[in-house]
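The following pair of complexes shares a single chain, chain A, combined with chain B in the former and chain C in the latter.
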Partner chain A sequence: MADTMIYGYDLVKEYPISRGMFKRKELLRAVGGVTLQVNKGEVLGLVGESGCGKTTLARLILGMIPPTAGSVEIAGQNINKLARLERAKTIQPIFQDPYSSLNPSKTIGSILTLPLRIQRDRESHSWEKRVRQTMDLVGLAQRMYNQYPNQLSGGQRQRVAIARALITRPAVVVCDEPTSALDVSVQSQILNLLKELREELNLTYVLISHNLAVVQHMATRVAVMYFGHVVEEEKTNILFEEPKHEYTKKLLGSILVPDPNKRIFNKKE
Partner chain B sequence: MTITPPLSRSQQTAEEILEPTPMTKLRRRIFKNHSFLIGALILLVIIAIAVLAPLIAPHDPYDQDLARRLMNPFWHDKKTDSLFVFGTDKVGRDYLSRLIYGAQISLLIGFLTVLISGIIGTALGVIAGYFGGRVDMVVNFIINTRLAMPVFLVAMAAVVAFGASIHVVIMVLGLFLWDRFAVVMRSITMQARDLDYVTAARAIGCSTPYIIIREIFPNVLSSLTVVATVEMANAILLEAALSFLGFGVQAPTPSWGLMLNEGREYMFFSPWLLALPGTGLFLLVLAINLFGDGLRDVTLERER
Partner chain C sequence: MINKKEVVLEVKNLSIDIPVSQGILHPVDNINLHVERGEILCVVGESGCGKSLTSLAIMGLLPKNAQRTAETLELNKEDLQELTERQLADIRGNRMAMIFQEPMTSLNPSFTIENQLLEPLLRHKELSKDEARNQVIEMLELVGIKPAEPRLRQYPHQLSGGLRQRVMIAMSLLCNPDLIIADEPTTALDVTIQAQILELMMSLQEKFNTGILFITHDMGVVANIADRVAVMYAGQIVEEGPVSEIFDNPAHPYTRGLMGCIPVPGKLGQDNTLGTIPGMVPSVVNDFQSCRFGGRWDENYKENFEPCRLTEVPKKRRSFKVNLNEKHLVHFCCDECLHLSEHTLVEGSS
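Entry: the complex of A and B
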């Protein structure tokens, strides 16, 4: 189980920000030197406040943006040197907002067939069967095959997004806040589905969330990000029990417990 | 496959089953939208008249006869002829036939102009909106350059250079009315570009042309049709104006704008020479605008 699936080495991403037409561009360092390693079958939880570089790091891992410095290897291959279709077969994203991640003018069936069509999958006669199998796998009713995204609920849409990511059987799935746009009751369904699918298909996840409960529930390891750096990385149970870094302690202290008798975690008595 | 789907088929809620299909919803919205229906009806009638002109026109629109010049239309008492329902013009041509053939000219110019300018404007706008940055700056410069040139002056210059004809009018208008397409398409594409489904398409491995044409374009199509109707009305009015001033379609072609010009000198004694083509233009432009407005209401609702 110790095969390295994702290896990111000293990743840096800088964005130039214009301060005006004739002024020099300033550089914003979104990710400043992150090294991370995720083994096959692991779930790496990425936590941190808004704007700390979680999403940028996810996009770097996905190969959607080139890093300013450093490199990402997925299963031993540099993601930025992979051909478009190869990359798509290796790693897939699941987005936060299922309302904008599905093309409103296409049916669920054609959304799910698209990855196969783009991959120029030879067995075109089996496309529909495979789409329908994947729909079963993620718990979508077969009648939705011909429906449009706006006829589906948020949870159902997120299932479609998951099915789209999984239909080409990628090894790694990057979930960027997969549940934060959903109702609480649906959140747990989606999380359990992701958990089941991981075991079923032997997937490796990178799970981004600012909901620490979600991360605790899902992740095997957690990396805490702060201002573009990973300040602490540890096994989930260890990190939640004895956080070392000051920021991690603060972050864990910010969890609100739905129990009036319990004091907030870590608060001085 | 050991996973049990959390939502089995028997668990569908009643609401989901009764949910009407998008087509049913669309049909319902169309029949509730009166301006769309009225606009579409008038437009269809005018298009039918234009297409069937050779069949329904009672006379040859070019057939002159000075002996029957300036006959009155049927609602007058004197100097009417049941053969010429809307009377005749100053050289004795049947006014009804000329009006019918005039619809052809107006629609032809409207359609072709929108086709040419739509292709130019959409291509520029979508490219600028999708790529942004430098490309956007260049396209914006082109749009501004175009906006700095007055259509009428350029049309007159073109007529002087190439001679006045319907082809010149179509080319000038087609090459000049694309600015609104470009501006609208640019901003809509910009919004669509940042939506997750475009990122998802890129992650799936779609190429950039595929994303633009197959993923983004279908979602901006309804806005495109709305701009197209507005521009079509605009083009038809501009053609009439150019023809009225003598820079557009040339005599003896029956263009409504040209008919207005020809009737001008008889305005006080035969006002119907102006009223009839004017009404034609008014109805056509009104119908197109109603249709476009209604189309926006009917289609844009579908997306979220």
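Entry: the complex of A and C
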């Protein structure tokens, strides 16, 4: 039995929403009782439509928000009881939009040094070396050390975001739509990179995406979310071949395969 | 498809120049395209390749500093370049309409749905308000908003993304245009909604026999809806042809690279890596000298063949067009690329 990296037990997150000035606040259940387990080295794909709670679940796993009920354990430790610095060492996020997730007034070098500085890593003389090593790892040219985010292309910025997540060597990386802001040719570069890094550093991923082809390509297991619940969870190839839940079937039925012989619409003539 | 169909949109040698600090940028460089009645032409390409500017140039909505030149720009044989701004306004929304990517920003948040849908009818057709209102309700029901009546009083923010895009489609169809330009209309939507909207667009297009110029970067969408495909790269159309030809028999290295980048369910195993297109699109400023695709050949390709590395292409060695067959056209930026791609130029069987 492989080691359990992420264990989320009966996770619930509710948000109070205002119905009007003098009305009682209502509770919106963004995540309604999700139990999930991810083993070391696995890639769990989370799919579902917008508003189904994917991102809320990711933020719960990251410990960015406290759950209303339930608990998350990363490598056997409760994430909400860990100190922030400890938490940052075990789990890191990569966000969707590399244009807004990087500080525009800082150089790439200082963006990548910041995690080390926050971690109060003793050997400050080795920071630059480690930053440059990590830049190599994700395929960024060394000359970019002194450049600013606006001088970089979308794909390069996403590489910076990946480097920033990996520099403290976390065991788990949560990727929230890592490629949906990128072009297909850049998307394939980033997906290849994420795959390589996973093997090289023995990482565990939680991959959130609405692009089912990407999830099928990357994930070892897929959880389908619908209205705050995981309606189906299965190994990737089994889920895509024999979906059981009605919603999964509907979702898979709307994939547009890039092959004109496999159109899903009935065409005239 | 034996008899030639009526051509709705004819564009010949369209170029767009934008002055920037380094000189003059050519985001669109001598492109030719046409749309026939009742067909969907998909323009694909990555961000910055000039596909959105092309659509704006056709609509006459380019930013003020951009200069448009074209040999021909005709909607139903009528020259669009000759028209005054006022005459253009009579055509826009009436005989050609546009659907934008983000339905939240293209609908006015401070007017009701009814208000916004009545406007094109009252502006372009001589209808009384009641007649127009009935047409609006009819059209909303046609795009699947049932019952339509209560939606009329709502504001855009009260509708979901899919509903908003349906409203946009209804708006574009109201005056029964000859041509609809759809600029990434489903990119902001969920997959299930995307499938619904595309199906709707196809059924309505069949019903009204409209020509659609569909701009997208999603090859899955292209394969599912297109009749013909035009692939754009660095301001030029590098390959154009029927959808089956483009997917089964891509000839230009860029098209081939693009096809290799897409994760196709079932085609790749878990361990296989995706193809990539290294490098970046060059910015075509002033008299651009080097090969547009130079240095961007796929790694796998480089192992077997020598890629084009021309950095200075003399003028007479630029721009080569090859007709693979009557409908399938490939355009190379320099003779070196053409020469190196010759093995991909299989004469079409049909």
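Everything below uses one rule, namely that the second predicted complex is superposed on the first by the 262 of 269 C-alpha atoms of A that agree within 3 Å, B and C clash if a C-alpha of one lies under 4 Å from a C-alpha of the other, contacts with A are read in each partner's own complex, and residues count from 1 in each chain.
In the analysis below, contacts are C-beta pairs under 8 Å (C-beta built on N, C-alpha and C of every residue); 3 or more make two chains touch, one makes a residue touch a chain.
As the structure is a prediction and not an experimental result, all values here were calculated from the model.
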| Who does A:Asp183 touch here: chain B (first), chain C (second), both, or neither? | second
| request: Considering only the touch criterion stated at the top, classify A:Leu11 as touching first (chain B), second (chain C), both, or neither. | output: neither
| request: Pick one for A:Pro258: touches chain B only (first), chain C only (second), both, or neither. | output: second
| request: State whether A:Leu191 touches chain B only (first), chain C only (second), both chains, or neither. | output: second
| Does chain B (first) or chain C (second) touch A:Phe95, or do both, or does neither? | first
| task | Name the contact category of A:Arg164: first (chain B only), second (chain C only), both, or neither. | result | first
| A:Asp136 contacts which: chain B (first), chain C (second), both, neither? | first
| request: Name the residues of chain A shared by its contacts with chain B and its contacts with chain C. | output: 189, 192
| query | In their complex, what parts of chain B are in touch with chain A? | reply | 1-3, 5-9, 12, 19, 22, 195-197, 199-207, 210, 215, 218-219, 302-304
| field | Touch list for chain A against partner chain B, complex | value | 62, 64, 84-85, 87-89, 91-93, 95-97, 99-106, 114-115, 118-119, 133, 136-143, 148, 150-151, 156, 161, 164, 168, 189, 192-193, 196-197, 200
| message | So in the complex, the part of chain A that touches chain C is made up of which residues? | response | 49-50, 153-154, 183-189, 191-192, 195, 210, 212-214, 216-217, 220, 240, 250-251, 253-265, 267-268
| task | Could you please specify the touching residues of chain C with respect to chain A in the complex? | result | 46-47, 161, 190-196, 198-199, 202, 206, 217-226, 243-244, 247-248, 257-265, 268, 270, 273-278, 280
